[in-house]
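Below: a set of structures, written as structure tokens.
Below are two complexes that have subunit A in common, paired first with subunit B and then with subunit C.
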Partner chain A sequence: MAKKPIIQFNHVMKQFDDDAPVLDHVSFEIEKGKFYTLLGPSGCGKTTILRLIAGFTEATSGDILFEGKKINHVPANKRPINTVFQDYALFPHLNVYENVAFGLRIKKVKKADMDAKVKEALSFVNLKGYENREIAGMSGGQKQRVAIARAIVNEPAIILLDEPLSALDLKLRYQMQYELRELQRRLGITFIFVTHDQEEALAMSDEIFVLNKGKIQQSGTPNDIYDEPINRFVADFIGESNIIRATMIKDFLVEFAGKQFECVDQGMDPNEAVEIVIRPEDMEITSVEQGSILVTVQAQLFRGVHYEITCMDDAQNTWLVQSTKKVNIGEKIGLRFTPEDIHVMRLNESEEDFDRRLDAYGEDENNAK
Partner chain B sequence: MEKKSSSLANLFLLFIFFILYAPIFYLIFYSFNSGGTMSHFEGFTFDWYRELLHDTRLLIIVLNTVVIALLSALIATITGVLGAIGIRSYKRRQTRNTLLSLNNILIVSPDVIMGASFLILFTMAGVRLGFYSVLLSHVAFSIPIVVLMVLPKLMEMSSSLEDAARDLGASHWNVLTKVTLPYIAPGIFAGFFMALTYSLDDFAVTFFVTGNGFSTLSVEIYSLARRGVSLNINALSTLMFVITVIFVVVYYYLASRSGTKGANLRR
Partner chain C sequence: MQNKTFRNLFMLPYALWIIIFVIAPILLVVYFSFFDINGNFSLTNYKNFFTATYLQMTLNSFWYAFLITVISLLIAYPTAYILTRTKHKQLWLLLIIVPSWINLLLKAYAFIGIFGTHGAANRFLEWAGIGSRQLLFTDFSFVFVAVYIFIPFMILPIFNALDKLNPSLLYAASDLGASKWTTFRRVIFPLTLDGVKSGCQVVFIPALSLFMLTRLIAGNRVITLGTAIEQQFLVTQNWGMGATIAVFLIIIMVGFMALTSIRRRGV
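Right, the complex of A and B next:
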């Protein structure tokens, strides 16, 4: 934390009229040069955060700081921040060159410099030689690239991307994910990317903020968030998961589906009601004798890379399993998982408490060694 | 069956157009008559046009008409564009619709009523009837037309375009001149030409508010026609008709060009 944050939100609230607040006392810090993702379902406030950083809207209360200075009332055109819009927002009456040069013309950059910069920006997004093309004749992917070039040519401190890939088809979206990530590494500019697509978020980000109902539910690296979701919402939103009600008997021992299992979580009260998460890909289908739990196969779908199998145990819990092995519907099978595969979530735990608890037993592990 | 009915429909369409255009072409036809009446055609001549060109009074009136049309269309376009931008800036749908309705009422309300009310207004305000009263009233009835032509274009423009311009460092003025106005330019041109044609052929409003020796073509033709039939009027009307047709063609050219541009965008 020695690095000074480039953007800082202090208890920022945003409310329209008398409706429920879109953002409810949101605080976070963004460090320079990283790829951040704001992830959440539509209406969770992620785009509002982006608009606040860009300066298109003002916070109802709370402070927004840029490099330590409050920028609440700095208008959008005075912020060293550029945005790539969901609908690209390219100017239809200008060609590619003029679109990219728009910001430079406003800054009255010399013609020779401008030519060089536009050329460089276009080559960054693999659109060399497209200068004189009209916007109307371009494909979605090309427009996307022009929009990115238009943002990077101004050499901003931060680039905001508002669901920029959502209008592209699947293949192109995957390709653009690689290109964006690569671009961010090469330029070293801070990227703040907004999406509702958890795969995109996991693939590209250094850090993810998971949002729901105007609050940050959890922040962390993609691995942290995937492996140790803080609550049911995060576990459910990020990837497929089996979320089962359970009881924490004591440290390292949890009971669910009528059986007690060894686990790696601790720091809860004895016999506390909790939820556990097991990812479908972490479970292995075995014989009835070897299984940790015993289930009956109810449905099976072929997903290409694997089969998606829905099963039910004797306690009426539904389990989703991913396996490359085919099973028969109605068959009784065993599911095997290790203590590390079980992740225990306390009900209504705040992110601070969650981090503290995780840190605490991180220390325990260190002490044990 | 289908073919027969469609040819019948075409015939009907032709018939309707014939009825609509016959008087105009009848008038145009006799403007070349050397006989001096509209009862029978004696021989082809340009005399009436020649006479028209030598009638300085009439030429001044033509000039008046054109100056009024251009000026009023220009002023109305500027005001109307600002008005449309203003209407769009209201976030509440109800306010917006109310303003738009107030705008549209002015278009559908009878010209005679407009003219009479302008006359009352100008006499009460002590404005001398003449060039300025005509200009002002033409501006007034043209503004709603411009608003109506420009507003759809403005509404169609995504607000993210303006956000993007702001984001790239543009001031409010830059956003207006570099993004908004170029985007709605086809609407502005269409509005300008509509205002121009409305002003050129307006009779009722002008008839009320003109005076002091000032006259426009439509008013002049009316008074000439009352004094007695002269083929001068035919010649003059023919010229006006031709000019109007040219304006309409230009307007549709601009409109269709902006239309195809829009279609490309959607693709």
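Right, the complex of A and C next:
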């Protein structure tokens, strides 16, 4: 943590009139050169954070710092930050070259330098030779690339991307995910990417902030967030999951679906009411005798890569399982999982407490070794 | 086949309308322009048009139409811009447009009252210590009233163009480092140019042939082509010369239309 954060939010609040706040005391730090994703459902405040960083709107209270300096009142055109807009916002009266050169012209860059920079930016986004094209004649994917070129050509400290892939078709979206990630690595510019698509977030980010209702629910690497969601919202929002009410009997022992299971979590109170998460791909379909729990198959969908099977156990909990094996509806099957597959979540635990608890038993484990 | 017949049948009223009320009158005007005052076929009218009197009149018309258009634009653009940023913009727009529903003659007479020797304007000037002066029958009052009458027609198309502008383009300009003025110059104005052009068309073309105001407000001190046509038809009874001036007016208008509607780019 020796690195100085490039962007820092200190208890930032954003509220319109007397409505519920769009952002509710949000604090976070963003380090230079990483790929960040703000992930959340629509209306969670992720775009507001982006607009605050870009300078299109001002915080109701709290401080926004850029390289340690407060920038709350610095207008957007004075910030070394560029945005790739959701609708691309390309200037329809200018051609590709002029769109990309827009920022350079304002900085009064010399003609020869400008030509070279525009050319380089366009080649970065694989649009070599498109300089004289009109915007109106371009496809969504091409417009997207022009918008990215227009941002990177200014060599900003940060590039903000507001759901830039949402208007593209699936195949192009996958391709652009690779390209964006690759571009970020090559340029080393800090990217802050906003999306509601959890797959996109997991695939591209160094770090993810999961937002809901104007608050950061959890932040961490894609692995952290996927494997150790802090609460029901995060577990549900990131990937498919089975969330079941449970009771923590004691450390390493949790009870759900009428049975007790060994687990790897600790630090809760004895007999505390908790929720457990098991990912559908972590469960294996076995015979009734070998299963950790017994369920009845209710429905089955073929998803191409796997079957998605919905089952119900005797305690009326619904279980979603992904398996390459086909089963029969109405059949009794066993589901097998290991203690590592069970992730226990406390109810209403804050991110600080969650991290502290994880750190605490992380040390225990190290001591034991 | 039947479809095509039907379509032609529906087209018929419009075609008739255009033939009777647009094409035929223009042809008639052209036809009349070739007859002198005695009803003989000749080109004297055209010869006369290229004399100092009529060329001066043409220049005059141009100059006043130009003044009226430019002043209207200078007032209308900022007004339209402010309107798009107000809360009840449709209501404000309506209020600005309402005066254009009132009869032109009525408005002209109202201004005669206001600008008269003992009118409200002069009383205000006296009160302000500047002293009363001749206002009516001056170039100033003519341009003032004309601008007043044409302004709603200039505001409407510009307002529509500004209102359609995608706000994220303005954010994008600011994001790329543009100041407010640069954003206006490089993004807002070029993208609303079509509105400005149609505004100029609907102001410049009628302004070119204004005739009633020239008599009522300018007291025939300003003689434009419009006035000349009226005089030729109603006073001199020289239909041929009146038609010739009209032909030139039509040519100028077509030229202006062509000039202001050069290709537009995508949205």
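By definition in this document, the second predicted complex is superposed on the first by the 369 of 369 C-alpha atoms of A that agree within 3 Å, B and C clash if a C-alpha of one lies under 4 Å from a C-alpha of the other, contacts with A are read in each partner's own complex, and residues count from 1 in each chain.
The rule we apply is simple: a contact is a pair of C-beta atoms (placed from the backbone, for glycine too) under 8 Å apart; a residue touches a chain by one contact, two chains touch by 3 or more.
Nothing here was measured: the structure is a model prediction, and the numbers come from that model.
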item	value
Combined model on subunit A: subunit C and subunit B, fit or clash	clash
Which of subunit B and subunit C A:54 touches, first, second, both or neither	both
Touched partner set for A:75, first subunit B, second subunit C, both or neither	both
Partner chain(s) touched by A:154 [first = subunit B, second = subunit C, both, neither]	both
Contacts of A:85 with subunit B and subunit C, given as first, second, both or neither	both
Shared contact residues on subunit A - subunit B and subunit C	54-56, 75-78, 81-83, 85-87, 89-93, 102-103, 106-107, 135-137, 150, 154
Subunit A-facing residues of subunit C, complex	166, 168-169, 171-179, 182, 186-187, 190-191, 265-267
Complex contact set, residues of subunit A against subunit B	54-56, 75-78, 81-83, 85-87, 89-94, 102-103, 106-107, 135-137, 150, 154
Partner subunit C, residues of subunit A touching it in the complex	54-56, 75-78, 81-83, 85-87, 89-93, 102-103, 106-107, 134-137, 150, 154
Residue numbers on subunit B that touch subunit A, as the complex places them	158, 160-161, 163-171, 174, 178-179, 182-183, 185, 261, 264-265, 267
